[in-house]
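What follows is chain A paired twice: with chain B in the first complex and chain C in the second.
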Partner chain A sequence: MPRPDVSPATPAASAEVLRIDALEVGYVVADGVAPAVRGVDLTVRSGELVALAGESGCGKSTIAQSVLRILRPPGVITGGRILLEGEDVLAMSPARLRRVRWARAAIVMQNSLTALDPVHRVGDQIDEVVRAHRRDHGGGRHRTTGELLEMVGIDARRGRDYPHELSGGMRQRAAIAMALALSPSLIVMDEPTTALDVVVQREILAMVTALQHELGFGVLLISHDLPLLTRYADRIAVMKDGLVVEETTPAELAVTGGVDSYTRRLVASVPRPGTWEAA
Partner chain B sequence: MTTVDISSPAVAGPVVALTDVTKRYRRGAIAAVSDVDLTVGARRIVALVGESGSGKSTLGRMVVGLLDPTSGDVRVDAEPVVPVKRRRRARPRRAQMVFQDVYGSLNPSQDIGRQIEEAFLSSHPGSSRAAARARAAALLARVGLDPDLYAARRPDDLSGGQRQRVGIARALAGDPSVVIADEPISMLDVSIRRDVLDLLVGLRDDEGVSVLYITHDLLSAGYVADDIVVLFRGMVVEQGPAREVLARPRHPYSRLLAGSSPGLGQEERARVFLEAPRPRTPWNGEGCPFAPRCPFAQELCRTALPPLTVTGRAGDAATAAARCHRLEELDALVATREEEADR
Partner chain C sequence: MTATLVTVRRSGARRRRIPVIAIVGLAVLAAACLAALLAPWLAPYPPDVPAGAGSQPPSLEHPLGTTTQGFDVLSQLLYGARTSLGVGLAVAGITTVMGLAIGVIAAYRGGWTDSVLSLLTNVFLVLPGLPLIVVLAAFLPPGPSTIILVLSITGWAFGARLFRSQALSLRTREFVAAAETAGMGRLRVMGTQIVPNMASIIAAFVVNQVVFAITAEASLEFLGLGDPTTISWGTMLFWAQTGSALLLGNWWEFVFPGLAIALTASMLTFVNYAVDETSSPRLQARELVHRFLGTGTRSSSLITPVRRTDASS
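The block that comes next holds the complex of A and B.
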């Protein structure tokens, strides 16, 4: 499928921003640890949009939460390595982690209404990310909140609004603006457009890929929406039962329809006009 | 798909008929639903497609009587719909609803067989418990759940897809002429969505039940529906046989919607609309609701509401129509704009 918004990655832009090696994550239960992620390898290079596709319970969100170590108990990382620009995330001290979050890698969640604090103005919340980081770690010039909002297509004046005054699509754009605040090299997006309608979904992903092209950050996009992924992802890893069963590209997928049987089932299950007449 | 099944018994009129229906919420300056005419024929699946806030769920709720229209006429099987809160006694409800939130719409503390029985008894007063139990078992089997295995289970023991099947079985317990399915698959895992849609097609083909399928997803609408009605800001902006609306959307908003649906292959054709900037100020209620977002809006569009203009042959099952002042010139306008962009 054509991706006219994105040009091929330049050689300089192909550095690995995220490398996941043999990652194992489980959830502590009464009699041990129930495995949720069972040895997953994955890389994201700068400027690249890598999709992790699969259904509920496959482990894809567990991976998203592991990358920034925001996984809550009873979740526990039991094996493997996560390298963020070459640095081992699992070996980071809590202080180091705080420094890295937002600045090197940021996360955008599905429900931005819970991610954004309802009692503070959207602009103030973005300010706070920058201010807190500067207070704790010093650091140079960052984009202003107004600039960030304009980058994601929101009128800077809307920064004075409270989250509930924005539409679902605008809230998600604001969450992306917040993620961009400290110019991270990786943004993890966990079902960022699932709750939105198709026109808004497309607008947001088109905007993300355009920003990637301009700024060079890599994206790990978690989603169950295969048609959307085939349009925007550079690579797609399909997960089932804690394993990546197939890693492919949209172009490959269009030709093969999936090599793995589960991938094939996912592709075939997309209701498309005319498919049931043909079946 | 768009031909009428000649083996079906002759039906006098449409199963659902909305005439000039408007719904205003108390504080809304702009109507949630505005002067909508809509018919669902016997044995047809009509998809109501629109974004959040387009009024599609409000319309569905008025058809089952969960909401009262501010003005206009809502009929099911030619009978005016009595709002639920004004119903004095139980009687068969000819329109039944299947909800998006399968978790919230089933009683968690009661087994599913019992819930279907209750639905049957409330619409068949005077029936025996044994008859209800037999009917519930048949309905579970109908939606693909073995009654011996599932009737005694509670909703918590079921997957999302199974719960949605129970929701459909419960809707069928009232012997409806039409099922209103409001985003029935948007909370389900992808690999089971198609099964639930196939079940809706089965209702039409085997049970002769009509379906009003409410969705924001044009792809799935194209999969199940005979006719598609596109809503924008509470108004019908386009309608017609599904095949026609998908292959050749006429209204600028339908073109935007089709271009935004990966898999329809309409992205290139819709480029002009996809790249148009979002308006900075919302629609003020004057003129065409899409004008603030339309790259081809002119003075007339901002001041006068365009009429719903017939675009297909009159007398079609669902007369193709669209609501745009510049309908005739639109293809030429798009072509010119694209040439300019390429130059």
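The block that comes next holds the complex of A and C.
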């Protein structure tokens, strides 16, 4: 391989780790393709947390899964480009894609209970990811499973537990530890905290942003939880019907309340204790 | 976007596609059953009376030749289909239903029901098959129904084991819990939630059982436990072997009954593929994508395909 599979997390703050150009993704149905993503542009720089917000069915998870091309049938990418550190994901061979997955871009799913194998210990599963990629990146040094767990705030000894023995929040933390195992430059998080309570959600996102400062990876965060995003995201892209209708920053959003009508509705629907009128 | 999606779905949902392969399989099997039923009218000669000189190659007079003893091969093939297909389908049907009932009930009810049914299944599994078949057949009056009974008694246990393990994993799934939460009775949950999810494994078992029964029937006849004059595809093969058809070069004597068995098994397998595909919406989605991309069957690894519609790239 001409280039190393795992680039060290360089603090070159402006480097684009993910660039999505005019991406179109659809689902094949009996007589055609139902478009789900209709020309979306998006970039994530290293150390940046970009949020993709929008209602259910707007195409945000479809984008998340397209980045690593793990969208299942009948999903098909019908146009555009996805550049991961400058390399086109859509042009990669299956072998290349396999090496790139997890090593340069990892994903954290919404429900890690289904993503974690119930018959293996959590620590062993984290190890397994490293072992699966060992051949590809020679003698590169890796954090131990214990270090990874400590990084996400789990006692290293809990690595000997089985997934069902961990709480929902700990399982998500373990999933993030697993995502960090190969020091990827991008982590895609598809509603990583939706199944958790508000306090744990904030703890986990605070931890992610702290790790970003330390390690410099970029995050593409999919969520429909606007208050959470305004607090932790560097930029927010609001999607509706397969299009990004507004790209903004939390600071802008606080001032404008959203330029697009849909964004305004989204902002307006955030409940504020005490200001909520009986509808 | 919403509008196109709805119309596309609406027109697509109506057309439930039956794969060509299934139509071929079912048509050939139906034709074989029909030929078996109409054997007395279709067969050019009586199957159990020598119809001419022995060891004649296929000719106008004997389209598939004659056996060493001078029987007409085509007539034997048609009459043999009655026994072979009858025994094969009956045994497959009985063992599948028994195996399903016992296996699924054991898995779903659990507790002592499972203990008792599993014990029963295990007892029948450890019983050595052939000796049991011999003993049973010796005590019962000879005839095809005895053979069906004997093969069913020895054949269901493996199915029960198979279906039990599958049902055990299915019953912990969330949709089963959801059905129970919705107040569905046990039988309804088993019938509408568990069994349909086992369709492809059931179909595979049926194919296996038909082939097993057709060959086991022949073995039984020739252990002297059935009626040795019975004509079936299995007995035809046996007579071909004892009459040294291979040495004499009378290929038509063993090729045609062999082909008949192989064809039945292949057609059942075709139907089996179709069951796999139509019973799994996931596989159907894969099939849709293949047709959209215009590619053949590709690897099932999780890589979203790319199809460029724009000219720029």
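Observations, loosely collected:
Methods note: the second predicted complex is superposed on the first by the 260 of 279 C-alpha atoms of A that agree within 3 Å, B and C clash if a C-alpha of one lies under 4 Å from a C-alpha of the other, contacts with A are read in each partner's own complex, and residues count from 1 in each chain.
FYI, a residue touches a chain if its C-beta (ideal position, glycine included) is under 8 Å from a C-beta of that chain, and two chains touch if they have at least 3 such contacts.
Bear in mind that the values here come from a model prediction, so they are computed numbers and not experimental data.
When both complexes are superposed on chain A, chain B and chain C fit side by side without a clash.
Looking at the shared chain after the overlay, A:198 reaches chain B, while chain C stays out of its contact range. Within the superposed three-chain model, A:265 lies in touch with chain B and out of touch with chain C [touch as defined at top]. By the touch criterion stated above, A:225 is placed in contact with chain B alone, chain C being left untouched. For the three-chain arrangement built by superposition, the Cα-centre angle with chain A at its corner and chain B and chain C at its ends equals 90°, in steps of 10. Judged by the touch definition given at the top, the superposed model places A:56 against chain B, while chain C stays out of reach. Taking all C-alpha atoms of chain B against all those of chain C in the superposed arrangement, the shortest distance found is 6 Å. On chain A, the surface touched by chain B in one complex and the surface touched by chain C in the other have no residue in common.
Taken together, the chain B residues at the contact with chain A in this complex read 1, 51-52, 160, 189-194, 197-198, 201, 216-220, 222-224, 242-243, 246, 256-257, 259-264, 267, 274, 278, 280. Contact residues on chain A toward chain C in their complex (touch as defined above): 24, 28-35, 38, 65-66, 69-79, 81, 90, 94, 97, 241-242.
Those residues of chain A lying in contact with chain B across their complex are 1-2, 55-56, 153, 155, 168, 196-203, 206, 224-228, 230-231, 265-266, 269-277. Residue ranges of chain C in contact with chain A, taken from their complex: 1-2, 4-5, 8-9, 11-13, 15, 282, 285-286, 288-289, 292-293, 299, 301-310, 313.
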